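Think of it as A, B, C and D in the order they're written, each chain with its own count starting at 1.
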Amino acid sequence: MDYVLPNHPDYRHLFVTKDKDGEDIHFLLTSPKTPEDMLRRRECYTVGMRTGGGVLVHCMGADALAAFSVAAQVMDSKLRTGYTERVEQYRRHLQKNDLALTGAITDVKGDRSLHPSQQKQHKDFYLRIVERQKDGIVVRGAKAHISASPCANELLCLPCRTHGEADRDYALGFAVPVNAPGVKLLGVEPNVRLYDEECEFDYPASHHMQPSESLIIFDNVFVPWERVFMCGEWQFSQILAYAFASYHRLFGTCKMTETLEAMTGAASLIAEYNGVQNVPHVRKKLAWMAYITETVQMLGKQACLDPMTEFGMDVMMPNRVAINASKFTYASNIHQMVQHMQDIGGGLTTTVPCYRDWKNPEIQPYIDKYLAAKDGVKTEDRIRILRLIKDLTGNHWEVDTIHGEGSMAAQEMFLYGSADWKKFQAAAKRASGIGGWQDNPVYGHLLLRDELVKMPPVDTSYKSILPPAKKQ
Amino acid sequence: MDYVLPNHPDYRHLFVTKDKDGEDIHFLLTSPKTPEDMLRRRECYTVGMRTGGGVLVHCMGADALAAFSVAAQVMDSKLRTGYTERVEQYRRHLQKNDLALTGAITDVKGDRSLHPSQQKQHKDFYLRIVERQKDGIVVRGAKAHISASPCANELLCLPCRTHGEADRDYALGFAVPVNAPGVKLLGVEPNVRLYDEECEFDYPASHHMQPSESLIIFDNVFVPWERVFMCGEWQFSQILAYAFASYHRLFGTCKMTETLEAMTGAASLIAEYNGVQNVPHVRKKLAWMAYITETVQMLGKQACLDPMTEFGMDVMMPNRVAINASKFTYASNIHQMVQHMQDIGGGLTTTVPCYRDWKNPEIQPYIDKYLAAKDGVKTEDRIRILRLIKDLTGNHWEVDTIHGEGSMAAQEMFLYGSADWKKFQAAAKRASGIGGWQDNPVYGHLLLRDELVKMPPVDTSYKSILPPAKKQ
Amino acid sequence: MDYVLPNHPDYRHLFVTKDKDGEDIHFLLTSPKTPEDMLRRRECYTVGMRTGGGVLVHCMGADALAAFSVAAQVMDSKLRTGYTERVEQYRRHLQKNDLALTGAITDVKGDRSLHPSQQKQHKDFYLRIVERQKDGIVVRGAKAHISASPCANELLCLPCRTHGEADRDYALGFAVPVNAPGVKLLGVEPNVRLYDEECEFDYPASHHMQPSESLIIFDNVFVPWERVFMCGEWQFSQILAYAFASYHRLFGTCKMTETLEAMTGAASLIAEYNGVQNVPHVRKKLAWMAYITETVQMLGKQACLDPMTEFGMDVMMPNRVAINASKFTYASNIHQMVQHMQDIGGGLTTTVPCYRDWKNPEIQPYIDKYLAAKDGVKTEDRIRILRLIKDLTGNHWEVDTIHGEGSMAAQEMFLYGSADWKKFQAAAKRASGIGGWQDNPVYGHLLLRDELVKMPPVDTSYKSILPPAKKQ
Amino acid sequence: MDYVLPNHPDYRHLFVTKDKDGEDIHFLLTSPKTPEDMLRRRECYTVGMRTGGGVLVHCMGADALAAFSVAAQVMDSKLRTGYTERVEQYRRHLQKNDLALTGAITDVKGDRSLHPSQQKQHKDFYLRIVERQKDGIVVRGAKAHISASPCANELLCLPCRTHGEADRDYALGFAVPVNAPGVKLLGVEPNVRLYDEECEFDYPASHHMQPSESLIIFDNVFVPWERVFMCGEWQFSQILAYAFASYHRLFGTCKMTETLEAMTGAASLIAEYNGVQNVPHVRKKLAWMAYITETVQMLGKQACLDPMTEFGMDVMMPNRVAINASKFTYASNIHQMVQHMQDIGGGLTTTVPCYRDWKNPEIQPYIDKYLAAKDGVKTEDRIRILRLIKDLTGNHWEVDTIHGEGSMAAQEMFLYGSADWKKFQAAAKRASGIGGWQDNPVYGHLLLRDELVKMPPVDTSYKSILPPAKKQ
């Protein structure tokens, strides 16, 4: 679909822009410089996801590309490396050839309590440089559950964690074509083992996502220097990982906006079909679902309206507090959304008849009669909504929501790390009469309490507080 | 399995008892009269579920049978009907022939905002009497997602709601063989479309549950009078439904004890395999999972230790507050259990390789190398635990947990209805100095505050509370 | 303070604007017409609250005034009444004399299950018209817990609920001076019975709020026609109440921003003072507190950036979804904020020594020695933060948070009422293959799935999904 | 009150037992040996708390005494110390003189990130031995917020944490009279600064608790050897602390049973008075409150019915899983209880008139008229319930609930530490086909799946699953 929308007259203006040669290129392959760019990026993602789950080959990869640009600038300025030029060169290559790309971040990790170089069985649990050659490097390792990889032309690889000096060979960023020698994709089993029309009926949301994730093996893959964007600069792994995370969470909020809209809508439709839309506890649950859905969407918008530049660079990144707040909102609430859908929909959200039953002419009349609900609603429509709920409440969606674009613990770490603690502490110090708030930009310049008009003495104004009682 | 355990030397003493003829009969087909009977019933259920999900053909049906006994006694005493004798007759039939039975409760319901006789499209959304004949009655309707129905010999049918007089034809309790003319079972699609060894590997929990639920059509089924246990006594629908609910929730807590134990254990194993078992937030989550698991189990036990008789009958029923508290604990927390398992297990809880990948000799070496985690743990063991988690966090388990044995709203209604409000209000009245608590059995006989020794006057004892401050 | 900030050189530009005569007037007494006006209104509130809880005599009243303007325009256009002119007249009176005003909304309500005119003991549980005279009306009733009333010059009264025709005498909007004959203020007891320096030390947040709320009795109060802004137009009670609610929730989010900032800061300071700032569960809690605080603030900002006009009027109102989402976020989470503060702060959050202990020279050395914590932090600073936490976690703040600016149930009703259900349902219908989404402005114009490029047939691409297993 | 109940004819049988000399002694001063003893202990606590908050001088102290007995036996058997005899000697002293006692556990702690001997400003942040003399020891330090200390005769001191060898001087257990030289009590400020009848009306729950907690300074206090029960045995601090914790949590659950009953009752009464008792969301909240209240009570009972002996001793202790589950249930839910009470009660839960207003004859008629609610309920009764709610939702109760008898983190640690992980892991291993469950006492002896009857092959039984669809 990534190639359909940019070529469609209604969406061309959104997805296509010009490079400096005046040639048409994909907007998502450009680097965002202004709030308007951020909003447009968000609009591309949102339109793609609402259309039906597209942009997958210009999302994770485009986010990785944007992160390479940020990290390259920082490394060049600190270490006089020449990464920026390489990244731009590569960006032009992608733009001119309009390639599909994805980002490969998550290493398989082995024992999480050990650093990459401390792992016991072997040292390849994190992707690493095994040899530096004249023309390039050789890498080995594996990246787990990488979305869109079967459809991509290019893989952009970067670290999923910060590194210490001992792990310098794991500080590694590069790009290779998916069909480079030594790259092996082990596709994940489909969400459901059904295909074609049957799958579309039974699992309408999973249907167009098969296949998607794969485990990618890098079995001594050669990468030429011009595609190497980090090579041992372990102090900068963090910047690369964080920049990617911020961009990719923006994509995440757009993806979830569509999913949450469908969930909230499905719950409201099944409530109506079942005849329970006016039951108070159902309305309360629906109100809550709408609240979460719109909060995710609004915080994502806020992240674009108020973006940040970091590390002295000119590239715009989503506001870190806002984008992590948006992501955390959906990750921490998705199971409650699922519970509400299942609660409102009833037992049929798991025992709803399937395509083979419904299409069976002997059985259909019974289903049609007995699984009807509100008069005027077709039984088939009710079944379709129940199938959608059954699909959306499956294991895949829950796990993807809490772990996609980073785990919940990662969100909490980001929220902790990006909160303005000085502002909060200044508020508390000022409120409790402790010094140290005076130089805070938000609280420091406010009027002192002494400058305010005092209230008159209290007790004279309210008779009821006065004596009668003998205060001992 | 229901027939294996009673015939196994280790379990015969638990499952087999004698009837008054001195013949061996299944214990679950007897009526509980003492706390010891309740505890034994619980033990049967628990052993069966821990063994692997059995007792299914002696659980819902046995609970329905117990409920028929309760309702029959009440109706006989109020209306001089002769149901008790019929139920006992039927009970003996089941005992002597050691038949497998299930209970069919949930009607398909149509538009939930309308009573049975108000439904628009047709009047069969709730199972009903369509004709009273000399030898028996003819019934029509459908019951949805009835567990164990494909394996049962007998179906015990009862109402799922209370009825008004206008709906007297829906106040209906009876039993028929599953193969009675006009009974049609439409099986629910299996949780997963895999079978045999592949299914056992990929979906170890769902595997032995296929097939289970079905939609049962009663297409003008004839029921002879000796199997009719309620026929139009609409005022007593509630008793029948409530008695069944109390018994069946006891089964539910036993079923969930095993499921929750497996969930909590799976989370703790994957934490260990991943090397995160000492991470504080992981331990906190595991502690919470153990807390929920044991609370469900202990409240279930409490329901048997402190059972109740109602309606002046001699049959023991589980304590209503305890059994509903147990059920509500798991129903309201299951999604959080799921979230914790997925959170601790990581993204592989959905993208874990499947049987066909693992058994593929070309692929296995890669998986074995890269999906290893903690040294000393076999990769296959890690994959098996992840498959278990993937299976247990699927849609079926969530829905079954919140809707099986009654919805969450039903629990709340029961908790509200069975709480001792007089005791609570007496506590508040006494505490706030309002009259009306004196006749409460718990709070009424306690000493009055005036009978207690008064504290000495306060201010003399603490210097620090005294003057310095100029109280204005 | 409301009169200090506008007269302070640093803040004059924010709080003071010109009327059409070119005279200086208070900005909060003007009607917002643009997003910029909304943002400025928000800035006034935020600066006032961060400074120390001011704007109280230009918040609820100013919000009521804005609501009068909206309702007057609607009534005039529908009923050809002349309310708009009266409201403007009154607005000019307030502007020219720079009066302090408050809004009186909440009736005492009596039995909540009965409409105003159905109340049993008397008919005055909701403020009502008892007589229509030539020059004006006479009103009777009472308004409960009205903030800032002791400091205000003017009271703006409006209904707190929608009305049916039978309750037309309760559909009533007007303004009177606080000292009008028959108006009686019964002040609420102060949060704490301490004053002056002792209060400032012991209850630093409550200190400058005493006295605040009062129960206002209207004992046959005469209101001249030129101050009557609704008189029996029962169909429009809802508009008046809703318009007020939207404006006032904007104030609420600004008020809570300061409170939440102080809470979050206090928790982070006491964590540091106690030496637990690096304990993982503490950081997780702090991250969550920052997340809630900033989400409230960002959603409030969003409500101004994307305001709405309703009823065809030119006055801007805060975006209803955003402002209610912001309010609901703090109302539903405040008790968790409190729990986290108390959890992190420890038992001393209630047993912290008070002013009289600390200032007692015999006791201070012991306290100073034993209640010290982290080296380098003054014991007094620790005590002050603990006093702030003790104060902020008291009953008043919790109740004010959940009930101030409308109860949680009211939020849920608003969230339900203002959600874009058509959008959500269109998402679900499109996703599940049901018709009816095609005319939705968000989902309707998107490309059809058929227009997208199809995935290639699945099975050929993944060896691992292919046979080995004997699919039966 | 502790001396009233044992001397009251109705309660003498419960509180008074005989020692081996045949003399009457207080039952709570004996050591529990059987489940019946545990249930009686629980009954004493529950009756005391429901009567009005008594047993305070036989609860924490009695729990400390019981813990001394446990630790003494263990130390004597391991180290051949003679503590058991000393403890029994002291127990007889208490019994014969019927003394009031309390336990002093919580040290002031200083910087929580440092061990006792690492503290910076001084070494007295944890109570410690400063000198070992011929006749006894000299101790220095302070214990924070110790309940009931102003009313007690004796103080039983024990450590609040486990110790390493470097902190051996902090491993310290002993008893002293409250009036021993060097012991100083700094009383905590009362919950409210009101006394006598006014306090009883305004703060009915806090009233009879003033004064209660104090900060106890041990300023070089001499303790004779016969009252020293641990002196440097750092390896056994944990046993002493844990034994105390288990006993004291039993008291905690009895205390909370009464508090929760009053809270739930107050919520249900104010719902009725306000006329909202049939509003669905109110009933849902009330059902939840009853559920929590009874769950706490039932789990506490379970802890007595299924007690444990540990360390090879004959003394019974509450079941550790059950008692911590009970405590965790109330600690983690108390803020939600508070929210529900405030939500149902409305804004008046903070702005309810106080005694001075109500007793003021000029004001009372207005209050009586306007704050009436449901017809037939006295306004004063409504005010009293609102005052109770205002009191119970204050800061003190929340903090006491989450920190009293140990913090939430301590509960989680206990729950983690006492859970039967082997059982849970056996369940998961068995379910997923991993070895290692065979030797588990719960899961190990169950039948193997192979011993069960297999289901028939699947596909033949359900037409609907069969072909029509052209499987890929």
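One rule holds for everything that comes next: a residue touches a chain if its C-beta (ideal position, glycine included) is under 8 Å from a C-beta of that chain, and two chains touch if they have at least 3 such contacts.
None of the values given here were measured: they were computed from a predicted structure.
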Which of A-B and B-C has more C-beta contact pairs: A-B
Determine, using the mean of C-alpha atoms as each chain's centre, which chain is farthest from chain D. A
Separation of mean Cα positions, chain B and chain A [Å, integer]: 38
How many angstrom lie between the centres of chain B and chain D, each centre taken as the mean Cα position? 32
For chain B versus chain C, what separation do you get between their C-alpha means, in angstrom? 44
Touching at least 2 other chains, the residues of chain A are 186, 189, 195, 281, 284, 354, 356-357, 363, 458-459, 464-465, 471-472
With touch defined as at the start, can you tell me which chain D residues reach chain C in the complex? 106, 108-114, 120-122, 124-125, 141-142, 144-145, 184, 186, 188-189, 192-194, 202, 213, 215, 217, 274-276, 278, 281, 335-336, 338-339, 342-343, 346-351, 353-354, 356-357, 363, 366-367, 369-375, 390, 393-396, 398-400, 402-404, 407-409, 457-459, 471-472
Residue ranges of chain D in contact with chain B within the complex: 1, 3-5, 8, 10-11, 47, 50-52, 54, 150, 186-187, 189-190, 195, 200-201, 204-205, 208, 210-211, 258, 261-266, 268-269, 283-284, 286-288, 290-291, 293-295, 298-299, 301-302, 305, 321-322, 324-325, 328-329, 381, 384-385, 387-388, 412-413, 415-416, 419-421, 423-434, 442-443, 445-447, 449, 451-453, 455, 458-459, 461-462, 464-465
Residues of chain D that touch chain A when the two form their complex: 195-196, 198, 279-281, 284, 354-357, 359-360, 362-363, 463-466, 468-469, 471-472
